[in-house]
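One structure coming up, written as structure tokens, with questions to follow.
Labels for the chains are A, B, C, D and E, by order of writing; each one numbers its residues from 1.
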Amino acid sequence: MPRALLTWIGGRLLGAAATVVAASVLIYGCLRLVPGDPVLALTAGRRLSPEQIEAVRQASGLDQSLVRGYLDWMGGALRLDLGLSLHYRTEVSSLLADRVAVSVPLILYSAVLAVLLGCTLALVSAVRGGAVDRAASVLAAVATATPPFVAAVVLLSVFAVGLGWFPATGAGSGFWDRWWHLTLPATAMAVAAFGVLARVGAAAFSEELGRDHVTVARGRGIGGFALLRDHVVRNALAPLVTVIGVLTATLFVGTAVVETAFGLEGVGSLLVGSVSRRDLPVVQGVSLVAVVVFVAVNTLVDLALPLIDPRVRTGAVR
Amino acid sequence: MSGGDAIRPVLTATALTKRFGSFTAVEDVGFTLMPGASLGIVGESGSGKTTTARILVGLERPTSGTVVLDGEPAAGGGARRRRARLIQMIFQDPYGSFDPRQSVARSVEEPLRLHFPGPAADRHRRVAELLDRVGLGPREGAALPRDLSGGQRQRAAIARALAVEPRVLVLDEAVAALDVSVQAQILALLEELRRDTGTAYVFVGHDLAVVRHVTDEVLVMRRGRVVEHGDTERVLRDPHHPYTRLLLDSVPSPGWDPGRPARDRRALDALDTPTPTTGHGEDQCRSSNG
Amino acid sequence: MSAAEHGPDDVLTVRGLRMEAGPPGSPVPLLDGVDLRVGRGETVGLVGESGSGKSLTARAALGLFPAGARVSGAVTAAGTEVIGADRAALRGLRRHRVSMVFQDPRAAVNPVRRVGDHLTEALRARGVPRREARDRALDLLERVGIRDPRTAVRRFPHEFSGGMLQRVVIAGALSTGPDLILADEPTTALDVTTQAEVIALLDSLRRERGTGMLFVTHDLDLAAAICDRVHVMYAGRIVEETTGAELLSAPAHPYTRALVAASPSLHGDRGAPVPVAGRPRSLAEAPSGCSFRDRCPAADDACAAAVPAVRRHGGAAVACLRPAAVAL
Amino acid sequence: SGSADPASPEAAAAPEITTSVPGPTSGVDSVTWNLPAGEPPSLDPAMSSSDSASTVVATLCEGLFSFGPDYTLEPALATGYEQPDPLTYVISLREDAAFWNGDPVTAQDVVASVERLLDPSVGAAWIGWAARLDGLEATGDHEVTITLTEPDVLVANYFATPAFNVVQASYAEEAGDGFGTARDGVMCTGPYRFESWEQGREITVTRNDDWWNTDAEVRVERLRFTFVTDPYAQAAALTSGDADGQFNVPRAAHAQLAEQGSMLYGRSLAPTFLAVVDQEGPLSDIATRRAIQALIDYDGIVESVYQGAAEPLRALVPPAAWGYAEDDYREAYEALPAPAYDPDLALGLLSESGTAEETVVLAYATFVEEETRIATSLADNAAEVGLHIELMPLTAEQFGAVFSSPEAREGVDLLLSTGYLDFPEPLTYYQYFSTGSFYNFAGYSDEEYDRYISTATAAEDPAERAREVIGAQAIMAEDLITIPIASQYVNAYHDADLTGLVPRQNYLYTPWATGLGGR
Amino acid sequence: MTVDLTAVRGRSFRARRPWGLWAAVAFLAAAALAGLCAPLVAPQAPGATDLMNSLAPPGTPGHPLGTDSTGRDVLSRVLYGARLSLLAPLGVVLLASLLGITLGLTAARLGGWADIVVSRGMDVVFAFPGLLLAMLVVAVFGPGVVAPVCALAVSYTPFIGRLVRNAAVQEGARPYPEAYRVMGFGGLWVTVRHLLPNIAPMLIAQGTLSFGYALVDLAALSYLGLGVRPPAADWGSMISQSQSAILQGAPWGALVPGLAVLGTVVSLIVVGGHIGGSIVKKGERT
């Protein structure tokens, strides 16, 4: 591997780490922003004795300086110890671990749906053009504009209650059962991402279709599938992958809405519940995980870009 | 040179060197330009022509070396306005050098407002004059740059540069993007302006034929250095440096042998690199700009 | 115009090519009655200023028409009638008989694929096995003067200089062993010295293989130097066909003459370039009758009547009522 | 505006109260029961003050006694108690009871369990009864003695609540903080044993075949508790059969569910009412309080908000909570004026009031849809007669804080809430409003009222107690420190294949699932 | 969520006769007008309850679009709801634009370290999806509108900031800013007088899209009960309040505000796409 490439990869990784650290400072700092005594926010609604309040204060590091408290929290986070949930009184990390098992398949499933359907629609609309393109762009715009909770209500009414094809709630167990259970929530979550991808994809594909090298390839007798695969899709991959990276954020927070609507106990509904319960250790833990996941995905995308577009490697692009 | 009544050079460049990181784009370039004179800079792509031009107008700060304008050194920052009054530039891409949102007349007016504050009516009169001078009417003046042809845009760019009545005009590939018939129009206009206003030109280009027609003196650059400097007719008729000869041989003409420049070039490259077994030549492996 | 000399040896004949774009209600004419031919082993130039329709004509030989364009006339490339040909026939033509080299090599090569893929792609498309295609690619790179082809095939386009990349493109064009090469300004983006090398390469290949070449350029000196015959185009029409030797020395059409006069010369004793009034036109903007008449000093009412017919004038065929009548 | 026309043609027919259902005839492998309040934070009985936790814990753990259908104490881990004097309770324990792991239940376990609950660091909500506790000790292998400092007739009721749930002392100690969590679960004696808790997904309990109560035939082999909280998702889950049943079905789904399974109703011990939180501010004038009562759209609330599954209230304690001296209570209740929506009356009252110009801040919980609607309607009705009621919507946690911290009550004048009685003893509720009581947020203090309450607290004789309570109730109705609105029915749904459930308030403390089975 | 406009521009909705565009503009104008003139056009007061007339179907006299579960007039509420539903996202976009333009131009103009610091800072904020940041803020400050609007504005800032930075760098690389410098003008002057106006259309297009995304994000927050507090109402909270009535066969309470959200966001996408598209069109003519 060339030295420049290694330096570049190192730079990206370092940047990602710096981003996560800065984000964690923000997340931790939030607790200290609570108006009034933060411990009141932590104990709100719980009938606690002064001793208990003192215990909470200590457990949350509120008796320490901001820096000390942050270092303890972050140190714990590095050992996968994110503190205790005030509501569940169990470790945040074990709460998360259980819920990740619901949310991760959900996110992956809906990502696959959004990417496959979105890119297919984009390709069809770019290749066909004309009325097909116009219809597709209307569909894509409507999909982009459909909030996940609206999609959830519609899907529930039609497919779970009306037709009874899919279960309304629960995450299922076993591969197929889970797949079957997660279909509606994944679809509800995928709608907006699908719309965005269809729009961005159509733009990227049609831009590539209009490039000279595509004409040249046509002029050399390359056509049909091979042309699309080698000269259009392959080239549009870089912008698409970048957008997909950004969309993971949408999907991640989409779980908050969709899991609530479908009665799934995943990371998203844990976050929503903890926000309204002001269970700050959990909120901080989920936020940190969300940020780490998002940064990780986008760093992976960044690292994958040189494989997709060799020009990135020498810094000729970007 | 600076003595008494003798005409002093309007522009003197001394030992200009510009490095980008470890890469030397321009090295030890120097020349003087007398009022109303025309100097050509030629060379292959990447030889440092544009960089030199940008140093002259102050868009690039030289790593070392000085530019003296009308007897005074052109320092950076603070002297920007004085420098602007003395030296102006025409870019290769006439469209890109206009704010696409402004009418051509407004673009020409803008430097007038900066350098000659005064009543608006005077300014408008002057704009009309300038446009007329380069062969543009009020209709073209009111148009946006995108509604004009390439030639018209380049005329407008010249009008704008002339607005501040500079002593020196730097033209970087100013006619390279134009069709031959239009190119001839612009060249004729430039020649006429030089006669009438006594503006001195630094004409950067790679087309030797054009340079031959518009300059009195020429610098031949290769890899950032001046390899030959002299009277244009002399250089083109009787090149001293093998590189200049290579350039001349590369220009097609009846009975032309395209194979010869290739052979000459290999010979020249071999001269530069005493040990020719360094893998692939620098022409095969591009540097970072792309 | 050169229809009379049209022989069975021709690799390309274009007759009465008309092209129109835009909605049927308000058509935009692009080309009008273009005639030209390229014989086996012959280099034919197509010169003119921008927008005159040179690229449209060259691409028509491959059946690459602008989307939505209406085309009429006859284009026969390497024995195949292109207009109205079905996909399979066109594909066969493109894969086996005709290749194209474009102005900007950087735009013509897919930037994200390896150079080797570009070279083998056309071969693979016509069913050549992978190994064989690769060997052929190495061979071709060697031929176009790229040192160390084995490393070169694994490199990406951006790792090559413009000149080297144009060599790669030429190698790609040659990979199928075509009868006809359409070179659309293959050297405009290159330095003069590199231009010479690329021209030398194309010329030697043409000579070895007897390939016909349609060479599109706006550099009159270049066309005159390397072409057997030259077609001059203005506003979507061919206005003059002449020999390379006579292009500069005895231009017949006023437009050709104007072009020659406007081109600054390096070697000759021609004076300063003489400007031509107005600016180049596309066919859609051109006046009725002779499209050059609004810029032509010799034009009169007769020129407006109709598009001038082609007539012989010395060794040239000219579409002008009074060829060589005016001194410029 | 409110409903001027009391008998709207579209008024929903009042649902029928379920008093008895056919018994089950067959066993069922598994029943999925949804917990609409979401996943319980813990299964520790000490923490079981939330609906979700109680519903599950009630199937797992038992106290000394249990409530019968009419809230009489029935033996559970205790066989009975004696009261040698009003200050002493001697409880004899069952000898054949064992924890799920086979260890016998000892008096030490009982004492340890109760003491654990009283430990402030555990933070149990069940410490109210112990205000007059003097001593608690094991006085034999199967005997526990409790002594009080002053007589308190209410204490015995608590024997059947989670306050006296028994967990294995050694297990609880070993588990420490983990007790009740998904990892360690609990160790109790009830009809079901804790099997697994997949956090975020479900809690599974299986039948305890060694339960001491061999009379009861437990038909359902396994209960799976799910945690769907979104009302729409709950309805979808119940309709589609993903869940077999739940308590507290979202009201919007009642009509639809009644058609496909059993939608059951029971009268509850729960009043929904307005409590004056600040006696000094805009509500200091009794006329304003009475005006507010006249602005409550009682009919609209019962018929539209609760869809008929509720009854309007004249007093704070609903009729279902008259656990004794029922006739006396009824007579007194019926003597109270029937409140009704009367904007003209309100207008008149406000014109007399000295505080009518001031803004009344009404706090309510947004997570109870019905209460949001009641608050919204009240504020609008008030606006029409020129009284400004400012709504202060609270999240679950903020709402909880109102009950525990004075800071959270800052600025609140009026609180809309639904409380419930753990057992049918009206005194419990009225006690809260005596001088100095924890829940007496307004700082209400009336000598006569306090006298009634303290006499009642010591009154062994039900008739005597009822007389005192009725006295307090009358004062309360006059002073309107709380403004009663309605008592909604307890409701439950299960699908058509099941039977055996009579919904009662006490599902939270009694092993409600033991009656359930196949039709 | 937001996606860089640069990837989307230049396509879609460029039919020869832009019916779609006009329909979208008309819809947005109508929505804005509805918010402005709600008191004049609404048949009822938005908060007027009537429990005995709840869930009245559309077409009921006095309630053209029916009533919700508290008997409030759906039409009036949607009209009044337009105020908060449109103002809050507008606040987000304006705030984000202010921050984004300032930061983006600073980074582009100063370059070097300033550029690196600003860009990395924006990367950090970028790592917080808008809704997450909003929820974090709600967890700290409690539900409401102001805090989430600020949080969303901050989380949208990198999108605008990066766009401005890249556009300014790109635009700055064209010859005309240099031409102005050669004419003797200062960098700040060129930035403000020439660069900013030239990237404005792109900014407006991105702002339009961000407006739509902010609308959806805020609606989601209201839906989760973490946003607007009653009795104030926006379309999102109306949907969530009326969602369960769907079970009672009364979908209009959720449907009408749902369509209002959908229509507004689709219209914004159409308009934004058009503005973005015309930027490219203009460029194509060079």
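Simple rule for what comes next: contacts are C-beta pairs under 8 Å (C-beta built on N, C-alpha and C of every residue); 3 or more make two chains touch, one makes a residue touch a chain.
Note that the structure is predicted; figures quoted are calculated from it, not measured.
Participant: Smallest number of touch links from chain C to reach chain D?
Facilitator: Minimum step count, chain C to chain D: 2.
Participant: Just grab the chain with the largest centre-to-centre distance to chain B, centres being mean Cα coordinates.
Facilitator: Greatest centre separation from chain B goes to chain D.
Participant: Farthest chain from chain E, going by mean C-alpha coordinates, please.
Facilitator: C
Participant: With contacts counted as defined, which of the two, A-D or D-E, has more C-beta pairs across the interface?
Facilitator: A-D
Participant: On a C-alpha centroid basis, what's the spacing between chain B and chain D, in Å?
Facilitator: Each chain's C-alpha centroid was found; their separation is 90 Å.
Participant: Provide the C-alpha centroid distance between chain D and chain E, rounded to the nearest whole angstrom.
Facilitator: Between these chains, centre-to-centre, one finds 45 Å.
Participant: Please compute the C-alpha centroid of chain A, do the same for chain E, then give the distance between them in whole Å.
Facilitator: 21
Participant: Taking each chain's centre as the mean position of its Cα atoms, how many Å separate chain A from chain C?
Facilitator: One centre to the other, that is 52 Å.
Participant: Quick check: what residues of chain C touch more than one other chain, meaning two or more?
Facilitator: 158-159
Participant: Would you mind listing the residues of chain E that make contact with two or more other chains?
Facilitator: 142-143, 225, 243, 246
Participant: Provide the list of chain B residues touching at least two other chains, using ranges where the numbers run on.
Facilitator: Chain B, residues with two or more chain partners: 290.
Participant: What residues of chain D sit close enough to touch chain A in their complex?
Facilitator: By the definition above, chain D touches chain A via 38-39, 41-42, 120-121, 123, 125, 177, 181-183, 198-201, 226-230, 232-237, 239-240, 242-243, 367, 395-401, 403-405, 407-408.
Participant: Contact residues on chain A for chain D in the complex?
Facilitator: 40, 44-49, 51-52, 55, 85, 87-90, 94-95, 98-99, 101-102, 153, 156, 160-161, 164, 167-171, 260-263, 265-266, 269-270, 273, 276-278
Participant: For the complex, which residues does chain A have touching chain E?
Facilitator: Interface residues on the chain A side: 15, 18-20, 22-23, 26-27, 30-31, 33-35, 41, 133-134, 137-138, 140-142, 144-150, 153, 157, 192, 196, 199-200, 202-204, 206-207, 239, 242-243, 246-247, 249-250, 252-253, 256-257, 260, 271-272, 274-276, 278, 280, 283, 287, 290-291, 294-295, 298.
Participant: Going by the contact rule at the top, pick out the chain E residues touching chain A in the complex.
Facilitator: 1, 3-4, 7-13, 15, 20, 120-121, 123-124, 127-132, 135-143, 212, 216, 219-220, 223-226, 236, 239-240, 243, 246, 254, 258, 261-262, 264-266, 268-270, 273
Participant: Which residues of chain D touch chain E once you look at their complex with the stated criterion?
Facilitator: That would be residues 1-3, 5, 8, 10-11, 231-232, 235, 250-253, 255-256, 297, 299-301, 303-305, 366-367, 369, 372-373, 376-377, 379-381, 383, 391, 393, 395, 398 of chain D.
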